[in-house]
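Structure record follows, encoded as structure tokens.
By letter and in written order, the chains are A, B and C; residue numbering begins at 1 in each of them.
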Amino acid sequence: MATPAIEFRDVSLRVENTQVLSGFNLQVARGETLVLLGRSGSGKTTTLKLVNRLVAPTSGEIRVNGEPNNGVEVTRLRRGIGYVIQDSGLFPHFTVEKNIGLVPKIEGWPRDRIQARIQELLQLVGLPAEISTRYPHQLSGGQRQRVGVARALAADPEILLMDEPFGALDPLTRDELQREFLLLQQRLHKTVVFVTHDLREALRIGSRIALMEAGKLVTVLAPEEFVKSSDPWPAAYVRAFGDGLDAAASRGVS
Amino acid sequence: MTRSRSKIWLVLLFPVALLSCSSSNSNRIVVGSKNFTESFILGELIAQQIESHTNLKVERRFYLAGTYICQQAMLAGRIDIYPEYTGTALTAVLKQKASGDESDVYQRVKREYEQRFALTLGPAFGFNDTFAMEIRGEDARRLHLKTLSEAAPFAPHWRAGFGYEFMERADGYRGLAQTYGLHFREEPRIMDLGLLARALQDRQIDFAGGNATDGLIPALDLFVLEDDRHYFPPYAAVPVVREQLFEQHPEIRSAIAGLADKISNAEMQRLNYAVDGQHRDTQEVVREFLKANHLVQ
Amino acid sequence: MNVVRFMVQNHAQVVDLTLEHLWLVGLSTVFAMLIGIPLGIVIAHRPRLNKPVLAGANIIQTIPSLALFGFLLPVPWLGARSDRLAILALTLYALLPIIRNTYTGICGVDPAVVEAGRGMGLTESQLLFQVELPLAASVILAGVRVAAVISVGVATIAAAIGAGGLGEFIFRGLAMVDNRVILAGAIPAAMLALLADVGVGWLEKHSRTR
């Protein structure tokens, strides 16, 4: 792999008396969508937060674009990484445009550039332009999540971290957003680390799936390999999720 | 969001804005007084004198409960003049030991007030309202008592009553008892100043710490024992004024000067009695006094 | 009504005393906000400090106001001017509601929103001023409202130590045994309290985010 966009080297995290992560090694290539798959408590969200230093490791190193991520000023690091969480985490007291425009504003972009960027992003995520003056509580769950993605992309970061972003949505909306995410990725080619516990989602959108269990990386496989794998953990997942996975695995945009 | 933020600033700045328009009404003089009859009379006197000799409007802020409160009101500019006593100013405000005669004390207080507080004294009204240790007239005649030293041996047979401030002040009861070796039958009772004279007459007490200008002294045949050891400092009644006021309004200075030495001890007793004993209206009594002394223009 | 006539006749003094009262309450509430809000923010971010700070403010509130005025009288610089003293005492009384509501308000901000903000690269001070404080504003203002209303009441007692204000009418009326004078102090004071309640309450309502 050319310089990986993100690299975990022997990362361990101990919180009080729990070993949350141990001996974690992983490389994420530029432009790929790496899915962190695991059940609750597997350490996948924590792993995500290690990338933008919302959490610091007990030992080991995380590198972003070849540089250790604790060598650069933390807000600088974070502004170059988009962060989308479940239920969007939009600022309830800001309009859609203030939410999206926040990072560009504190980065000192001129007003018209910000306005143009907001319009561009709204189009990108499939939202009408008039929505920019509404408040989050006036939007549906799906709309909020789209704004969340737009906000994360505002300053055009290379890397996007997404923590179960579609988890709180109804199945129809989830399906819609997954499809749109794929289209977006085809256009933008961002490096995405995507956390989910849903194998179907993982197979559909991931270029590779990193399976985690109890703080350890179990295996990293491409979706087609994952469904056919005879390793115990992947196989257990496949069983748990039942049929129709082949279709998902071939990422049908039906 | 920004709209409410600017509203918050408005609310915070509003009281500040209000204050700056309050006390800059420089054609208005506020006269204060303490909360007993003699102080009202003097306050009213000052007020009416200023009203009749100048174009200024006078506000009365009477009933201030004590020396400390009056002093605070002067310092804060809430009142411009009030009647005080030199001895009280010396011991209670300046916290110095009393010594020297009447004019010494007056000069000292005037100097210190000017230096420390930018306040000054007008000329004295003419009477000395020192603490008066009173006994019933009949007792004084029967026992041939004229001075406190002569009365001291009889103290163990007597019950005493004093006002609250007298009991607490350094120049009050403690010093008196020490100077004259007074030991009363029991702990002295603390009473309202206005009730002391009657309590004495009704034989509830035998020795009262009143004031030399009590209106009831002649009225109830009470005798004031002489302070032969000069324990009490002089308490000449004087107007305390903000220096700035005299500078801004020289007409006030001359108005106040017109009151200098106009009230003797006997005259003050009479005025006090008119209000306390005869229950006449203070403003009326003062108006009458000013006319009788040709002080009204 | 007798009281109304009395107040009209003495309107200059009613205005004077009301302005003095406003000065005492206004200044002390502003000081309490300047001290209490930052303190509330600190303990919200450092939970270990919250018990001692809240306990301290609580203890101050339990001291009867007249007693607090009395304690502070002999203190050198403070006791020299009773309005200084009164403002300090009023500030101390206003602290608890403000600190406590700031603490509750900031703790009540959705942690997911704060984390999203942090993850986006907002500095701690940007987070505080652009996210936490605006979202906590209505709760904080509720604390200011309580503090202001309490202050109006405690400030009437300040007249006992010579700090002026509407309490002067009340004490004078008591000494003169004249109800009109008492009411001339009590009614404006009650109206001020109501004004503070409604006024800050309005601000509180308008800073609420859904």
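Here is the rule we go by: contacts are C-beta pairs under 8 Å (C-beta built on N, C-alpha and C of every residue); 3 or more make two chains touch, one makes a residue touch a chain.
Since the model is a prediction, treat every value here as computed from it, not as a measurement.
Central chain by Cα centroid: C, whose mean Cα position is closest to the mean of all protein Cα atoms. With respect to subunit C, maximal separation of chain centres occurs for A (centres as means of Cα atoms). Spacing of subunit A relative to subunit C, judged by their CA centroids, is 47 angstrom.
Averaging C-alpha coordinates per chain places the centre of subunit A 83 Å away from that of subunit B.
Spacing of subunit B relative to subunit C, judged by their CA centroids, is 36 angstrom.
Residue positions 93 of subunit A are each in touch with at least two other chains.
Residue positions of subunit B touching 2 or more other chains, listed in rising order: 1. Across the assembly, subunit C contributes 134 as residues in contact with two or more other chains.
If you check the complex, the residues on subunit B that touch subunit C are 1, 3-4, 7-8, 11-12, 14-16, 18-19, 22-23, 28, 35, 59, 61-66, 68-73, 75-76, 78. If you check the complex, the residues on subunit C that touch subunit A are 110, 112-113, 115-123, 126, 130-131, 134-135, 209-210.
Considering their complex, residues 49, 52, 54, 75-81, 83, 85-93, 102-103, 106, 135, 137, 151-152, 161 of subunit A touch subunit C. The residues of subunit C lying in touch with subunit B in their complex are 12-13, 15-16, 19-20, 22-23, 25-27, 30, 81-83, 134, 137, 141, 160-164, 168, 171-172, 175-176, 199-200, 203, 206-207.
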